[in-house]
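Presented below are the structures under discussion, each in the form of structure tokens.
Shared between the two complexes below is subunit A, which has subunit B as its partner in the first and subunit C in the second.
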Partner chain A sequence: MNPERSFYEYLESFSENQSPIDFVLIYDNLGRFFDGALVTLQLTFLALLVGGLIAVPLAIARAYRKPFLSPAIRVYTYVFCGTPLLVQVYLFYFGLGQFTTVQESFLWDPILSNPWWCVIIAFTLNTAAYTTEFLRGAIEATPHGEVEAAKACGMSPFTRMRLVILPNAFRRALPAYSNEVIFTLHGSVIASTVTLQDLLGVGRWLNGRYYLAYEGFLTAMMFYMAIVFLITFAFKMAEKRFLGHLRPRETSVPGTANIAARVARLDHHSQNLR
Partner chain B sequence: MDVIFEYRQILIQGTLVTISLAVLSLALSIVLGLIGAFAKLSPTRGIRRMGNVYTLFVRSVPDLVLMMLIFFGGQTLLSQIGGLTGLWDYIEINQFVAGVLTLGFIFGAYMSETFRGAILAIPQGQIEAARAVGMSPGQVFRIVTWPQMVRFALPSFTNNWLVLVKSTALVSVIGLHDLVWNAFSAGRSTHQLFSFMIAVMGVYLVITGLSDLLLRMVDRKYAVGVRRA
Partner chain C sequence: MTLKQTLLASAVGTLTLMAGMASADTLRIGVEGAYPPFSKKEADGTLSGFDIDIALALCEEMNRECELVEQEWDGMIPALIARKYDAIVASMSITEDRKKRVDFSEKYYFTPSRFVAKEGATYEMTADGTKDLKIGVLRGTTLQCHVEKAYPEADLRLYNTQEDVFADLVAGRLDMQLNNTLQAMDGFLNTEQGQGFAFLGDDVDDPDCLGEGTGIAVRKGDKLAGELSAAIKAIRADGTYATINDKYFDVDIYGK
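Coming up: the complex of A and B.
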């Protein structure tokens, strides 16, 4: 007997007789969901990559209060952090068509009339704005002694930035960055509102096609949860690797005994693992 | 610009919907956040675990997915329950209710993290002292815990509120006639979507700017007697 077949049959009878959710339909369309997951991941990581690259010089300019440049960047981050991502996506995808000069420009046909590009542009500018601000905070938090020591060793400003300030700022920004990655992933669902077939887009398509209420959304939800757990796990590992020196060894604040005990147990556990 | 002035009525209406949605969701999220925070700090293992599952779940599912699930799925679920029990036959969840429920549920999780941190920041000795002078648990909360909790929670609370205001834009996707929806339909019919979207961004910036100001005033009130570095 083919086990694959029997699993399918089991799913069929279970869906028909017991469950309010049609698992057969989900199983049949699983491939589409994987395609959707690929679109979601592609959008998220491309936006994060390009946005991160833009954010580094902007954060440096902000942290060192470069005249004219720093206030201008502040206006940009204020606008993009203070307005909904949905509106930003609409602005690029629907809004730019208002101007005939844009419609007639060489960029219109390949890029600005394409939802994928508009979404990528909006996501990138959005995540770059957020990243700039917390990276600025991390750079400003550099202990002065580190900079002095680097100067005393005769490092040039560029070397100082490259070897001392930025690596430590990245470390300090790591927990905030894990939030930013998850927020960008969560924000990427907006792509489905401008016709892209990301994970939520596939879920909406499935529900619309078969006139369903839960299946598509629940499946998309499971996929998102799995992705977030993987990201969280990856950052946990990264924090352990790069922020190991900051991990609490022992907590003795009275009243947090419960948490202290848990941390201690975790600590013990992780030491055992090593 | 003229066009936006012409359509000011529906933009103002939309803004009012957005604001009332945000305020109601905030109220719900504060209630859920307090429950969640005390659940996470509960001495009982099971309750603590439930609190943690709540925040973990919300952190891992995008808001729009949850909103659609509640709006479309919840409707069907309620109708099915009604059909099985025979208590009601068809129930319609409107977009506003679905929006409030979803946003309240989501931000309740973020609020419970905020409140949990704030409660932990209060020295345990103060609570013990309050108990020792004979205060009831309710009095301890009202007189000792709450005023300091607000102080510690305020920065993160402000942040949650600003994110919440921006998240209200998503209800336009399930068809609630909020600011974004109204501006979008106006922009579509006049072929001036860019101007209308810029106007929407302006309104959001005004809302966030004003609430920043307001919360800074609250902060000053609750920071009375604290020396700032």
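Coming up: the complex of A and C.
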């Protein structure tokens, strides 16, 4: 490699001569991929935020088996967890768009005529359904003693929910929730099927524009991997912080090395005392 | 039958199957199925249309056994390169961009492209005039290239199939769409769905993007391109082409 060549020139000659993958096209269009990543993140996290807020009251109603409400919510979660997300998005986008009554209603412009809104509504309802169900499980798993203790302290049902039951249920649901976040991110590729330029949409745009096979998909894949890496890392930190009390304590297992280490530590300690 | 025998039998079966696939001199042709009247799917799942008939006629002319392989449009060239099939007969325009990836036969037809919008709609077809207008095209077409070049400010929407483009045009999600005039007429304007829509402006003039006619794509360096060109010439000469052409169109779409 000639050191006087710029990085771009190197990329050009490398792509032309050595590599089956055209890096120049990827490099030239990186900006679009970042825009696509923004759309993907926006769709994913907005759906998760709104879906999560909807899920909390629904999960409480389910966990406490409120008459009428609980079976109705069960029907909703069953429908949305039991059908593919792609079908749900198509129903909102192509399905509703067919009817003239819908096209003339106040919901059409600017909501249902817009692919972004169709996708965000479907994603939100989908993630809300999943979150409701595992949050319900987490609430139901609250140890009876915790509730009793809260009652004994004279907490009202609302305070009990706010200070004891929900915070602990969130903790228990945290590992499951990290899966839900990643699934929602993976599911967000469906946005590209209804013309949105999310990460996969940009990948497909690049492939379509330059008649390529891999470049667009590979680049999108790298972006998804980076995002998943960040999400997993964030959840790892959160679990360390909020589930710290569940980690096995660093106690010593009987064994000579350990005992020796403890003796050494004790020695050190007693020296300090002296 | 012991387990060993069963395994052996299935292994032999697999091998013969693979051998059968390898030895057959079948020409695999990639086609689409959502671009009437060039290609469409009948209710019973079989394919029909101008492209399909031409493909079969060329096979007969070349004395080759053929197998039609269906493929969605935006994966057409990648699948050819990945050897899912050996040639593409799917109304693919011959363009400079595509020639970087594949070789083409001589053209087998040439028809212009034109915008379609609501009847009576007037748009100023300039870069400024189309700012934020929603234009729909099939992903990975020459039309994508043209709209991006000529109307960079427009809100370009890319679709997986031409049928989805029409659906969204009818639903009002698009201000206009661009595609082949014959396809727009037979696949949309002359159907019930297309009532209230009409062509907008003249035929698009952009040889850089739109290319020099519709050809059959093959992998780079494949001598099939020459054989196909000869076959096209032959069916033009012996009247087969005209018969197929008249089945679908009132005019000869071969062009000059």
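Here, the second predicted complex is superposed on the first by the 242 of 274 C-alpha atoms of A that agree within 3 Å, B and C clash if a C-alpha of one lies under 4 Å from a C-alpha of the other, contacts with A are read in each partner's own complex, and residues count from 1 in each chain.
Keep in mind that, in the parts below, contacts are C-beta pairs under 8 Å (C-beta built on N, C-alpha and C of every residue); 3 or more make two chains touch, one makes a residue touch a chain.
Computed from a prediction, not measured in an experiment: that's the story for all the values here.
Novice: Using the superposition on chain A described above, determine whether A:Phe233 touches subunit B (first), subunit C (second), both, or neither.
Specialist: A:Phe233 contacts neither subunit B nor subunit C.
Novice: Given the touch rule stated above, what does A:Phe94 touch, subunit B (first), subunit C (second), both, or neither?
Specialist: both
Novice: Thinking of the overlay built on chain A, is A:Phe34 touched by subunit B (first), by subunit C (second), by both, or by neither?
Specialist: neither
Novice: Regarding the shared-chain residue A:Thr193, is it in contact with subunit B (first), subunit C (second), both, or neither?
Specialist: Both subunit B and subunit C are touched by A:Thr193.
Novice: Pick one for A:Ser113: touches subunit B only (first), subunit C only (second), both, or neither.
Specialist: Only subunit C is touched by A:Ser113; subunit B is not.
Novice: In the superposed arrangement, does subunit B or subunit C reach more residues of subunit A?
Specialist: After superposition, B is the partner touching more of subunit A.
Novice: For A:Gly208, select first, second, both or neither according to whether it touches subunit B, subunit C, the two together, or no partner.
Specialist: Second partner only.
Novice: Please work out whether A:Tyr10 is in contact with subunit B alone, subunit C alone, both, or neither, and reply first, second, both or neither.
Specialist: neither
Novice: After lining up the shared chain so the two structures overlap, which partner does A:Gln103 touch, if you call subunit B first and subunit C second: first, second, both or neither?
Specialist: second
Novice: Residues of subunit A that sit at the subunit B interface in one complex and at the subunit C interface in the other, please.
Specialist: Common to the two interfaces on subunit A: residues 94, 97-98, 193, 204, 207, 213-214.
Novice: What does subunit C use to touch subunit A in their complex?
Specialist: 74, 77-78, 81-82, 97-98, 100-102, 136, 139-141, 144-145, 148, 157-160, 164, 167-168, 171-173
Novice: Mind listing the subunit A positions that touch subunit B in their complex?
Specialist: Those in contact with subunit B are residues 20, 78-79, 82-88, 90-91, 94-99, 182, 185-190, 192-193, 200, 203-204, 207, 213-214, 217-218, 220-221, 224-225, 228-229, 253-256, 258-259.
Novice: Inside the complex, what are the residues of subunit A that reach subunit C?
Specialist: 94, 97-98, 103, 108, 113-115, 193, 195, 201, 204-205, 207-214
Novice: Which residues of subunit B touch subunit A once you look at their complex with the stated criterion?
Specialist: That would be residues 43, 57, 59-66, 68-69, 72-73, 75-77, 80, 120, 123-125, 127, 162, 166-170, 172-173, 180, 184, 187-188, 191-195, 197-198, 200-201, 204-205, 208-209 of subunit B.
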